[in-house]
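Below are two complexes that have chain A in common, paired first with chain B and then with chain C.
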Partner chain A sequence: MKPAPFDYCRPATVAEALEALGSSESSRVLAGGQSLIPAMNFRLTDVSVLVDINRVDGLASVDCDLGGVTVGAAATQTRVLEHEGAAGVVGGLRAALRHVGHLQIRNRGTVCGSLAHADPAAELPALAVASGAVIAVSGPDGERRIDAADFFIGPFWTALEDGELITEVHFPAQPPGSVTIVDEISRRAGDFAVAGLVATVQADGGAVRSARLVGFGLGGVPTRLETAEAAIEGWAADHPADTLAEAVMADTADAFDDIHATSWYRREAVAALTVRAARQALADAEAA
Partner chain B sequence: MSLDIDSHIRHSTRHIGRSVPRREDRGPLTGRGRYVADIKIAGMLEVVLVRSIEAHARIVSIDTSEALAMDGVQAVFTAADLADVKTFPDYIPYIGPVKQRPLVEDRVRYVGAPYAAVVAVDRYIAEDAAALVAAGTTYEPLPTVADLDQALAPGAPKLYDHWESNCSFDVAPHKPEVDHAFKQADHTFTETYVSQRQTGLPMETRGVVADITDGTLTVWSSTQSPHMVRSTIALMLDMPEPQVRVIHPTIGGGFGTKTHIYPEDIVVPWIARRLGRPARWIEDRMENLVASVHARDQRHTVEVAYDDDGTIRGVRCASMLDMGSGEIFMPGTAPVFVTNACITGGYDFENMEARTIGVVTNKTPAGAYRGFGIPEGAFVMERIIDRVARLTGTDRVDLRRRMLLRPEQKPYVMHGGGRLDSGSHSESFERALEMTAPALERARSRYADDPDVRVGVGYCNYVEPTSPSYHLTTGHWGGGDAATVRVDPDGSVRVAAGLSEIGQGNTTAAAQLAADMLGVSPDDVTVVLGDTERAPYGLGSWGSRGAMMLTGSVLLASERLVDKARAIAAHMLEAAEADVVLTDGAFHVAGSDQPSVSWAEVGTAAWIRYVDLPDGMEPGLETSGYYHPENLQHQLDDTGKINAAASWSNGTHIGVVSVRVSTGEVRIEDYLVVHDCGTVINPALVEGQVHGGVAQGIAGAMYEHFQYDPDTANPRFASFMDYLVPTCAEVPPMELDHFESPAPEQPLGVKGCGEGGTVGPPAVVAGAVSDALSQWGVDLTECPVTPVAVRAAIRAAGTAGAGAGS
Partner chain C sequence: MTISEPISEVDVEVTVNGQPQRHRVPARLLLSDYIRDTVGLTGTHLGCEHGYCGACTVIVDGDAVRSCLMLAAQVDGAEVRTVEDLAPAGADSLSPMQQAFHDNHALQCGFCTAGFLMTLESVDPTEWNEPERVVELLSGNLCRCTGYQNIVTAVTEAWSAYDGSGGSDDG
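Showing the complex of A and B:
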């Protein structure tokens, strides 16, 4: 479990980082390294130049205002989790990060790194899609901003082009009066999800008004549950759970099989999580 | 039964029975442990093994030229280079011989089989070169067999051309009384139970460092059995045993996987000898998952005859072990025999006809893992009892009460010959039931308002054979062990034993024992284990034998030492030997206020001041004891039975679980253990063994599972992302209680306790989840109990039901 030979550089500016990234086709960005380094040690990833962005000026910042939370490319998950203002503005951030790995992993792992890695069972890509996050990217042709909905293309595959670097991600503030629930089934605490759900729900008067529902661990990318979003409107705690569950089943027909779970299990599980989230949101709204 | 422990105790503050702090922990916990990977020798080379990526193939050619051309690569060896090395012995007569070579010659039979060794100046270069050797290897793939059914199908591809089939052994006794039971019984059912493939998974992987100087080969190996490694190296490399020294330094766990002697234990010393330079190989975790033995992986086809009142009349059980390729020394065949020997647990049940079958497949060789077949059998028995209870409307607890061995039934001979001389089989169950009542109440009230959650209880009453004979397992080694005790001129004590220290606390226990027997403080006792040059021949640590073997051998040696020392002291005190007693480290005349003689004075007399010795006494103060339990049998008797364990511990596990119906998630709410390992030397050590064992049992019950692709026999695992080891977050709190039923034939009444913890959880969790979901008729027949398995069982209900009786 030793990596094949590679070059390493640690630029001080984004411009230097981009130059280094452009120097080879198989250059890769090192932020937290929680997925990349094991993959290199397993010799599953061929890396010629490793560009360590941890000393790049300004990339480790976490900025928060009423409009949302902006997380720099080198900001660790722990830093976001412990940020005093962030959870109040984007409730899903804390809810999602609590499911990410373990303390040691979050101390090194970065929010943007998780987005770039695009593991289909990861929480943060689903949160980005659910919350309408925008990902800022720098590359040889300048800067661009990509909506999260367009960013994830397939498993471990994003809209990032060769030589491009995520510089930050902006999570917009969640709508007033809404609650974001991140729930998942994982085999062990801290594991990637077998199946998970990010639900941003607006509820009042004992019924759900609207919801944004994004599943993860189901397909190659975060799965928007549009049929369920329609079915949940007006749903109340005494309504049958089956209607919601069936809608989720319709949205998740492509869920995959692997050694941890079958396709049908993933679909059933997300259906159960959706019902649970709806009940939770209604309870929260009543308590508020 | 009469035990006279007190006659051996010569310290007013008795240390046996107290939680004397472990002396094994300081090193590892402060980062000062010295593992094999910490050993650095000037000029040492790194070895990396090249392993098969095919499950079954002929190796057509291996091109090593590119690897050899790399800077820093010293050598690349293949099987042809090792022609002077003997083949691993096929000692066991009743199984198919595999003629295992240290490096595979021309045919690989599992992914991970080593066929070449790269030697380089560092590990990075060695792995780069190994990748080139791998790329330069041409295979001719052969059809694979990935499981028992494929292996036994008519016309199945054979792993060994000289065998008739893939069946390595098939031992099928016939019991007419079981036939009779089936004729008499009201009903029968058949079922198949499965225990999945797992491994012991020590935190420290294996590793070997070898160095040859002045003709002596020194080998540091992360092994549980240094002397057996020495004997095997000497045999295969054709060296005299005194010229081979095997040391195990700090060991980061073994759990049975390190009882075997692996190709690397031979190849690395051979490389050191061939190149005349020290060499080391450290197993990485990717290798570990395919190159260290797997275990469990048994399938049990049972027929059960029972009556309307729940009485189980007879059971026929065909226990089938998936041995993987079988290329491991010693062979991993024994656990399935232990499964059948122990399958009836703590129950009075003789009408068991147990057939034992071993089959080879294109998977990693199966071998030893803590529990060694016992959990698989306990799983079958407890699932049968629950099934019969459900089919007949009998209470599960009452049925167990009716079946459990009562005190007056002992000594009790089990169906296979196991001899239960003592134990608390029914008492443990009753005590555990008392402990369960409040736990169950807590769980029920916790989920009273959640209609999605069901609560259930599962039971397991097991026996744990400890200190077994190794003869049937290895075809070679027996089952005793030696200790040497010495008192030096300064009065300090040294104990050396053939046992190993792989984390259990044998070092602490040996010091406690010697301290009590010699009347000194444990702090005055130095313990030497795990070094063939410094300790007498012993078989190492496995089979829960440490406590029994250490107490037996240290006691023998200590009594001999005290006898001699007493004679010296009597001479110095000018008293009759019979009047001299040893207390708290001093010899004195009983009832006299005459000054006493200390161990230092006796030691000095024995080694240095011969003028103080009685006339004609041979100098020196070092004695040995070889403990070989009298009741331990090494071969089957005329009736085909054997008591292959020197003692039988027992216990009850009960678990309370909650199951979330909508998602299939299972949570162990409370786990209760009542345990009986005879006289307890150190309660903290025993509790630690139970805790760790239960954690590994839970791993088998709910998490760990080596899965293979059925079409290619390729592993569907490569790392801990795929092979799920429970962490502290998954292991529930446990409540423990103990009985002490001394072993009548052991001088201190000690039995072993290393493995029982692993036995209960699969049976308990499957039983508890089935109980929780009884309204759907769920009756689980295999582990691990995953969320998917639970949901699948709920979905299947209503269509199949749970094994209707005939």
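Showing the complex of A and C:
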């Protein structure tokens, strides 16, 4: 189907974009359009004013330094995936983006758009929570910064208020000696995950020191696996996998059922992914 | 060009397959419908209009994109290429990839073919010519007829001169 009529603008500055967003109650930001335009084509989303931010000055940048990487709201996923930044800085984004859609989707889709969209099965919100990302927002009342942990409220629902715009997101560099692994179960390469895991793991001397574990596709928002984070400390490859898997099961009791999988299947899947991630982190640490 | 005030009709100047085009279009017109109905190039097909099938894939400023997930308004100032641009105009010959599709029965109904060809045209074979990478590349295009095997065979044949490890034999 085709979208219903709307008015379109393509502002040059953040101030102009905010003004246009404030001009109507059903105004929307258009970034990559890879989630919004399908919803408009289906007439699931009602838009009166569409504010295309792709030509706003300065929003397409990807800046890396030792502290981390800052991705502007108009920077495409392909741009970030191809960025030459060091593995310790953009490694997590690279690992996540490999699972996002297909080449043609990533060529338009943005990192910030995925956060704003907040699909419960999306990789980037989970990565943002796992890595302690900070989302920079501009709105009618000025600018504010929101920790990823406070940003996701429910499925397709974030802390963004009406008339607010994400201008950029900052992903801090990973702790030294750690690796970020993004793994998932999906029906077909490039499809949204049935369930998945982002694991930032620090390992040395044959054992896991600490890890940040965040599941996705389990509930309405990225799911921090805190029992498993405690259980994984000191875990070594010859330890029983069950201790880790049981901890994940305890963390995921609320996982949902749908046509693609039962709650139980999702929990088992993330438990298996957690064991796999721990083993891989240990192998990577040994090879390093 | 930027547009600061919201408007319902947008002026678009774009190059399509090397030809300059100029139209005033409704803001809601999809790029796919612009290409088919306004410019009149019907080689680009529409299967789903929500980003899943890849039949509508075209190249915008060098990148393969879903034309059903862009607005015509967004290509103002851009260069768009469609399947009609692959074989040299007026020549009876096909492009090497088209010929390989033909030779290997890589299409049956042909509905998906333009999308596959434009995805393939958009990439540098020296970066993608490895069996796993070819399959990954093609995962964004659906084909309901062939079972994909003949498409992979065609790509392998058309790209046989390239090694996929980042360097090329003959460019």
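Keep this in mind: the second predicted complex is superposed on the first by the 284 of 288 C-alpha atoms of A that agree within 3 Å, B and C clash if a C-alpha of one lies under 4 Å from a C-alpha of the other, contacts with A are read in each partner's own complex, and residues count from 1 in each chain.
Heads up, the rule we're going with is that a contact is a pair of C-beta atoms (placed from the backbone, for glycine too) under 8 Å apart; a residue touches a chain by one contact, two chains touch by 3 or more.
Small disclaimer: the values here were computed from a predicted structure and weren't measured.
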Contacts of A:A189 with chain B and chain C, given as first, second, both or neither: both
First, second, both or neither for A:N54, with chain B first and chain C second: second
First (chain B), second (chain C), both or neither touched by A:I105: second
Touched partner set for A:R209, first chain B, second chain C, both or neither: neither
Which superposed partner A:R10 touches (first chain B, second chain C, both, neither): second
First (chain B), second (chain C), both or neither touched by A:R43: first
Which superposed partner A:M1 touches (first chain B, second chain C, both, neither): both
Greater residue coverage of chain A in the superposed arrangement, chain B or chain C: C
First (chain B), second (chain C), both or neither touched by A:T262: first
Touched partner set for A:R94, first chain B, second chain C, both or neither: neither
Chain B and chain C contact sites that coincide on chain A, given as residue numbers: 1-5, 38, 42, 188-190
Chain B-touching residues of chain A, taken from the complex the two chains share: 1-5, 38, 42-43, 185, 187-192, 194, 259-262, 265, 268-269, 272-273, 275-276
Chain C-touching residues of chain A, taken from the complex the two chains share: 1-12, 16, 19-20, 23-24, 30, 33-34, 37-38, 41-42, 49-52, 54-55, 78, 101-105, 107-108, 188-190
Contacting residues of chain B [partner chain A, same complex]: 123-124, 127-128, 131, 284-286, 662-665, 703, 705, 707, 716-719, 721-722, 724, 726-727, 729-730, 786-788, 791-792
Footprint of chain A on chain C - complex, ascending: 1-8, 10, 26-28, 30, 33, 49-51, 54, 57, 63-66, 68-71, 73-74, 119, 122-123, 135-137, 139-140
